[in-house]
Every structure is written in structure tokens, then in C-alpha cells.
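Chains: A, B, C and D, in written order; residue numbering restarts at 1 for each.
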Amino acid sequence: MGNISEGDDVLLYLDGSRTYMIRVEDGKQFHTHKGFIELGALIGVSFGSRVVSSLGIKFYALKPLITDRILKTDRRTQVLYPKDVGYIIHRLDVGSGSRVVEAGTGSGALTMALAYAVRPDGRIYSYEINPRFQRVAMGNIERAGLLDYVELKGGDVTQGIDEEDVDAVVLDMATPWLVVQLAHDVLAGGGVFASFSPTIEQVMKTVSKLNEHPFVEIDTIELILRNITVAENRTRPQTRMIGHSGYITTARKVQNDGK
Amino acid sequence: MGNISEGDDVLLYLDGSRTYMIRVEDGKQFHTHKGFIELGALIGVSFGSRVVSSLGIKFYALKPLITDRILKTDRRTQVLYPKDVGYIIHRLDVGSGSRVVEAGTGSGALTMALAYAVRPDGRIYSYEINPRFQRVAMGNIERAGLLDYVELKGGDVTQGIDEEDVDAVVLDMATPWLVVQLAHDVLAGGGVFASFSPTIEQVMKTVSKLNEHPFVEIDTIELILRNITVAENRTRPQTRMIGHSGYITTARKVQNDGK
Amino acid sequence: MGNISEGDDVLLYLDGSRTYMIRVEDGKQFHTHKGFIELGALIGVSFGSRVVSSLGIKFYALKPLITDRILKTDRRTQVLYPKDVGYIIHRLDVGSGSRVVEAGTGSGALTMALAYAVRPDGRIYSYEINPRFQRVAMGNIERAGLLDYVELKGGDVTQGIDEEDVDAVVLDMATPWLVVQLAHDVLAGGGVFASFSPTIEQVMKTVSKLNEHPFVEIDTIELILRNITVAENRTRPQTRMIGHSGYITTARKVQNDGK
Amino acid sequence: MGNISEGDDVLLYLDGSRTYMIRVEDGKQFHTHKGFIELGALIGVSFGSRVVSSLGIKFYALKPLITDRILKTDRRTQVLYPKDVGYIIHRLDVGSGSRVVEAGTGSGALTMALAYAVRPDGRIYSYEINPRFQRVAMGNIERAGLLDYVELKGGDVTQGIDEEDVDAVVLDMATPWLVVQLAHDVLAGGGVFASFSPTIEQVMKTVSKLNEHPFVEIDTIELILRNITVAENRTRPQTRMIGHSGYITTARKVQNDGK
């Protein structure tokens, strides 16, 4: 992953529950309750290296992964978990060159993951009705260096989608059923649809709409993630867990008229 | 997704439990218990279109997704599920340009998903000690059009890994703990490690080894997938489910000597 | 648990997946593909003893537990699992002396468990509209020696419940919401209500009805049971599992008028 | 459930997350941040009735269930959840007349549930090495009116069990494998064994010991409980949940010598 340069984002790792995302600037210091770190001293050091604070505390300088960026994202909107993001991207075949419509952008968390997956020649068309969310998302996506792969679009996605023949439509919004007809219109033949919804009522309405259009392989799943403590004589699933984030409904567009 | 050409793989969809992967060849017929389909008639038709068999039964001609290819893979070895594959790829930041070491290749199922994710300029170095598995994998990967992104390597990965400074190491093998030291050696600083294992004893041994080397963020998780039936007055998780595929352990390499 | 007498039910255990429920009769033989067993030879032997078939195969003579009887019950209707039965009985405080209304009786599986719990001086009033089910249930309950604690009632429970001031009402029927008002009428103050339903639509309707009456502590839960294989280097949750049996909704009756 | 008498325990229910266990004494007041309640005024009122505090806030006077008593138990030791308690009691056939050995007593939570189940003529022999826990347990069990059915025993259960021919042995202790041999000794033929353990290492050691003795139907399970929010357009499993309490291992004693 190479060496750290001025202007790079770095994830300073203190321990399993404390990490800090900083931008490297020569002459600046990053202060923590464990002492400060001279950020200029990171320049030229390889990612993964140990750095020591002014109080002698050990940190590691990690290159932020997309999952780190999502976790550090401004959480004014709900954020999807890696289990859900990874499933959607893999299940929908989102990869280099894919053209994907997303709504809503929210904080840009899923947008970043999609953009990372379609590099270098794909594109995410991400709709968001709330201008404040859109500004936050733009900042997050730009900082991740992924803005070249994203077109941020304002307006109400339930009123129309500008793109055509897209490979996938991904919905993380309160009323996905209002976009099912439009999704069918803009998807290429065989294109894939995914919707993420916390409640079963949202799922019922969305699946009902999908059933009214030429879609096949309409599936709803839920992913439950268990964290396992692995340590001698203490190995067990952890006591507290996230019991539910949301349901994921997927489908594939087909065409009855051979077009 | 464009139109179907001679030589393309096509997934013929009959219903939710019956799909057939065929290769389009002019003059050939594909026979099912629902009549035959003239494969030449598919040429020039758009993906997602309806095709009708000689007995008047409706099929849809879908472009195979990576998840379809994995499902249709020769199953002489165990195959990972989309929930696990998607989580590993996303969690490990595998994307365009990534260089990834994988072991073992098995049937090439995970290899295909990794190769799809690193296009166009990344590379998967996939180790497999069993030549028969390797031949099967090569066939699967080639048919998926992904062989350009994969280097299939024979020999015993526990004896050595040729690559250096790779972004990720992904293990789906019986004795992952024997590769932990080597994984640390060949990973770039901050590089990510993942191991998939069905049993908790494998996890215990692997985590114990990880703890002996400079790795941080050592986590073990398990993903449970529930299929939900969504239909009026019948909405519920399905009665039968896969209760367990395996545990996923991830970690990030750090360096104590600043190298 | 004492010694086996003529007329006792005995569970002949061959291995983890093969058990046979028989009634001890002197002079009779029980034939299996592993040879026959002289049932008279069991008389006077202690429960838990080994018996050997005519072909020299080892069986164990176990006293049937309620869970064994439920498993061996005529399965013309769906049967609840031990996880659900145990939860309902414990959560509802069903114990010696409790008076419980149940509907529907079905095969009598839950009825037996309830009757076993209320011995020696409690009583289960079990409603079943289908006379055929009722006959099957009576046979099962009688064979288990629990008929003294059960009153089997015909007719449509949605049209009326004869009992008053009961401690608990337990519903395992297609339309539990139609019995909520009646359940409130016949429950003693502070009495407990439980309903078991496979679908979420049933739960929604039942909870909605509960909310219209003076009930508190209205809770819906679901229990997921995982079988764990425990064996050296093979310890793991089992691959195949029952993903869902049903939701359990519980509530407690209160009274706004102080009566 | 009758009317409230002086000296009764009453669960004052304010809302879904606030309940208070009090003992009714004429002339006493129970003070909350919602005003005080004259406890004498409860005498003669039926359980389930509404009572109003000095500030006009509505409470309900519920009869404490065993599950309420367990929840209110002094939590100096870990407490089992209703899902686990109900499963153990039902799976082990614990009912009226059963004689059960339990270790350790802990706070008496499981002891109370077992004692409630064996009334009026069964008995729980409960071992606890820590005298302080034993005193706490005695208080809890006595308050629940269940001390007649319990024999609290001091000393180290791994050194010996005084009882013979018991119907069940239930272990909730750190080292259950040290009691497997003794459990086999004191169980009646066909008698049932259960052990509750948070970690998989405890399970492995216990199952390994069970395999060395004549036990059949050795099973390990785990129960996962999901709380479901049921409300219009908000129906979904709850976000936060208890991910793991412990594993339950059960087995049945058999005898190879026909004794």
C-alpha cells in the first residue's frame, strides 16, 4: 500500500475500540488524551507502521479502508453495515464499469462503497432530495477520492430517473415501492434491483410492486452478524449484538416483449 | 447489458428453482423437459428477453452474474455463499487494482468473485495443492472470462508464497493457521487478512497465531442469512435454512519496526 | 424413575436418530430391522437399562419424556418445538394448580405439556373445532396418562369460552386475534395471554387487538434454536436448521375499573 | 388469581420498562418519582387492578410471576433468561414430584423456577459453595414462597452429591465437566442431565466427559431470542439484542449393566 504522503488520510489505530481519521499535514499535531503526534513525521513512512505519541503511547498508521470511511462518516443518516453493503454489491454484480442508480445518497456511505467497486470506468448516479445530506455526502465522497465516479443528483427520485440502461438500481430510502416502476424503466434487460429497508411493511409494499412488473428472482433476505470472542477458555458469541439492521430485497428485470 | 452474441454464456431462467447455464451456439438446441430452445435464435436478442421453447414454455435469457457462476460451479469442493463472499471482498477493500493472494483455489468460486472485483488492473494469485481442483477451477474461471486477472499456482501454500507487498490474503483452507506467518510476511503494511473456516477449532488456532504476530483489528464474525417469504398473509422467515457455513476471521498487518 | 411395569410406555433408543415408542405387553414382540425384542422381558427392569434384540443389537429402554411424546405425536397438525413450548409454559407461570384455556387442541402436543405442568390439581380447558383432531388428541393425552388434567371441548372458541377467572390463555390457531376480547373476559386479573403464530400478519392483527384492550407487557418474540455439533476439531453449529417455527406474543390482563 | 392480602408481594407496573416489586403492609407507603402509593389500599383489591399514586399516575398491581422474581433477583451472579430456563425445565421433564439436583444455587433464580415446577411434592437439592450466595438465594426463594420445595446445601458439589435416584441434574457452574461422573452416579436410569455454559470450551469439556460415560441423546443447543417491535409501519426485529447467554447441553443416563 506504499508510503504515506502529505495530504493522505490516515487511520491512527490506538486499540480495538479507538481509531482516529486524520489528514497528514506537515507542521500540524494531532492531540489525543494519550499525547500528541507530529503529523509531518508520518510523511514517507509506510502504511502499517508504528508511531509513538509525545507520551510514548504506541499508535499504528493505517490506510483507511472503505469500511473505515463508512464508520467515520457523518452519521446524520442511518449507515449500512459492512454485512449489508458487501452482500448488495456482490449480489448485484456491481464491479468495474457498472453503471448504478442509487437513492437516496444519505451521508454517501453506500455511495462510496459502490463507487469504489465500479472504478475506474463505471459510474454511480446518486439521488438525494435533501440538499443538506447531499453536501455532507459530497464532502465524504470527495475526501475518499471517489468523486470522479459519482454523479450527485438532487430532486425527488420518485418523480423520475434520468439515466437509461443501467446495470443496477440500489434503494436505501423510506418509500422504495414508489421507485419500482421507474427502476424497471431504467434498468437494462437482466439488470438487478436491490432495496434495503428496516421494516417488514416496507418490504411487503416493495415486493408487492415488484410482483406487478416483469421481475424475476424476487428475494428478500436478512443478514444477522454475530461477533465471536475468541480467547482461551472465553470463546463465545458476544453478549450484546445488533439484532437487526434491515431486510434486503433483490430482483432481476426481464422483458416480456423481447425488447 | 447489451445484446446476446454467439459464444456468450446465458442463464436460462424457468422459475425460482430452475435455471440453466448454456453457451450460445448457432445451430444448436438446448433440450429440457419443457421442450427445446434454438440457441441460435438468442443471437442479437437483448439480455432479459423472453424466449419460448418448442413446447411453448416461457424462459428468460439472463446474463450470468458472478453469483450465478458460483452456484453453477462444479461442486467437488465446498462453495462459499454470497453472504460470505460479499463480506470478505468488501471488508478487505478488494477493488480495482488490488493484488490478492488466495488459498486454496478449490473450484475457483471465490477466485472468480475476487477476480471480478479487481478488474481491470489487479491480480489474484491463487494457490491450490490439488491439480485436479486446479484444472476444474481454470475451466470455471476461463468460462467466466476472468482468467486474465488470475494466476493459478500449484504447490503447497504452507511452504511459501512467492508474491510480495500484496493488499490482501484470503484463506479458505483446512489449516489456515499454518499460513499466518507467511501472510504477515507477504502483506503490505496495513494489508488485510481473511480466513473462512467452518469449525471453531480452526478459528481458535488461527486467532492464536494471529495474536503472535503484529496484527491489529483481529475479529471473528459469523453471518446468518434468513430467507424471508413475503406474500400476503404468509410473510415469515422460511422454515428451512442453512444454519452455518463458517466463521470469518479478519485482521490487519502492522509493523513494529517501522519498516 | 423406577422399574418398568406391564402396560408402561417405553421409548426404545437405538441411536441418535432412531427411537421407538412401544407399550409393554407380556408375550408380545417388537420387531425392527435390527431383530425383535421380547417386550415381556422388560417387565421389572429399571428404566435406562440396556436390552438386546434377537440379533444382538443394543437398545436402551427409556421412560418417555413429554418432549418424546410430542415428537411421536400424530402429526396431522403442526407441532410446536420444545423451545417454544418451554418458553410459553415458563413465561406464563403455568404450574401446579394453574387453570389454563387452550385453543386449538390440534394433536394435543401442547396440551400434554400444559397438563404435565399443572398436575396434580390444575386443569387445561382445550378447545378444538375439528372433531377428528380432537379424537387424535384424546388418544395422545390418554396414552400419556394426562387425561385427568384436561377437559377437551368441541365447538368454535371464537364464539365463546365457558371458563372464568383462568390463569392463562394459550392460543395456537390460525386467527388468534378473534379470541383476544374473549381472552380478556375470561382471564383473572393479571392473568397471562400467549399466542403462537407462524406469520407476521397474524402477529400484527393480534397485537393490534391486544392494544385495544386493557393488557400490559405486550411482547412479541421469536426463538431461534441452533444445534451445535460438539466433537474434537469438528465443533460448529450444524449446517441445516429450522429457521423459523413461529412468533410468540405474550401479554397480561389488567383492569381499569378496579374489579 | 384472587385478591391482594397483607404480606403479599405485588409487582407495581408503571410502563414497559418500569416495574417495582413491593410487599403489601398496611400503613406503609411506596414512594416513586411519580408520587407515592398507600400500600394498605391494595388489600382486598384484585390482582390486575389499577391503582393511582398521590400524583394521579396510574399503576397496575400485578401478581409477580416467577419470571418477574428472577428479573428482580439480586444480580450478584449471572441470571438465566426465560428462554433458557423454560427450555431446561421442559426438556428435562421437570414437573410435579420431580427430584432435582442443582448446582450452583447462585442467586436462586433457576432454583425458584425449578421449585415452582416440582410443587407440591417434588424437591430441589441445590448446592452452592459460596455461603454469601446461599444466603442471598435463601432470601429470594423464601420471599417467593418456595422454600418448602428446596434443600439448600453448602459445600463443593464436585466432591460429592448426597442424593440418589434423582430425576434430573441441572448444572449452572463454571466447571460442569467435574460433576459429570457424579451426575451419572446419582441419576435414576433414564434420568436427564442439563448443563448451561457461556463458553464453547466449557461445552467441549463437558460433552467429552459425557461421552466417556453411559449417556445417550447428548445434545448441545443454543437459543437466540429476538424481540420484535410490532406497530403499524414500524414492525421489525429490535436493533439491540442479547446475542448470547449460553449453550445448553442435555443428555440421558443409561446403564450398560442392566441395573
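Everything below uses one rule, namely that a contact is a pair of C-beta atoms (placed from the backbone, for glycine too) under 8 Å apart; a residue touches a chain by one contact, two chains touch by 3 or more.
Only a predicted model underlies this, so the values are computations on that prediction, with no experimental measurement involved.
Q: Using the contact definition given at the top, which chains are in touch with both chain A and chain D?
A: Both-contact set = empty.
Q: Go through the assembly and pull out the chains touching chain B as well as chain D.
A: Neighbours common to chain B and chain D are A, C.
Q: Tell me which has more C-beta contacts between its two chains, B-C or A-B.
A: A-B
Q: With chain centres defined as C-alpha means, what is the inter-centre distance between chain A and chain C in Å?
A: 47
Q: CA centre of chain A versus CA centre of chain B: separation in Å?
A: Inter-chain centre distance comes to 21 Å.
Q: Distance between chain B and chain C based on Cα centroids, please, to the nearest Å.
A: Result: the chain centres lie 44 Å from each other.
Q: List, in ascending order, every residue of chain B touching at least 2 other chains.
A: Each of 200, 226-227, 232, 235, 237 in chain B touches at least two other chains.
Q: Connecting every touching chain pair, does the picture come out as line, ring, star, complete or other?
A: Shape of the chain contacts: a ring, since each chain touches exactly two and the loop closes.
Q: If two chains touch, include that pair; go through all of them.
A: Result of the pairwise touch check is A-B, A-D, B-C, C-D.
Q: Flag every residue of chain D that touches chain A in the complex, lowest number first.
A: By the definition above, chain D touches chain A via 198-202, 226-227, 232-246.
Q: Show which residues of chain B lie in contact with chain A when the two form their complex.
A: Residues of chain B touching chain A: 1-2, 13, 16, 45-50, 60-63, 65-67, 82-83, 85-93, 95-97, 113, 116-117, 119-120, 165, 167, 188-192, 200, 203-204, 207-208, 216-217, 219-228, 230-232, 235, 237, 247, 249, 252-259.
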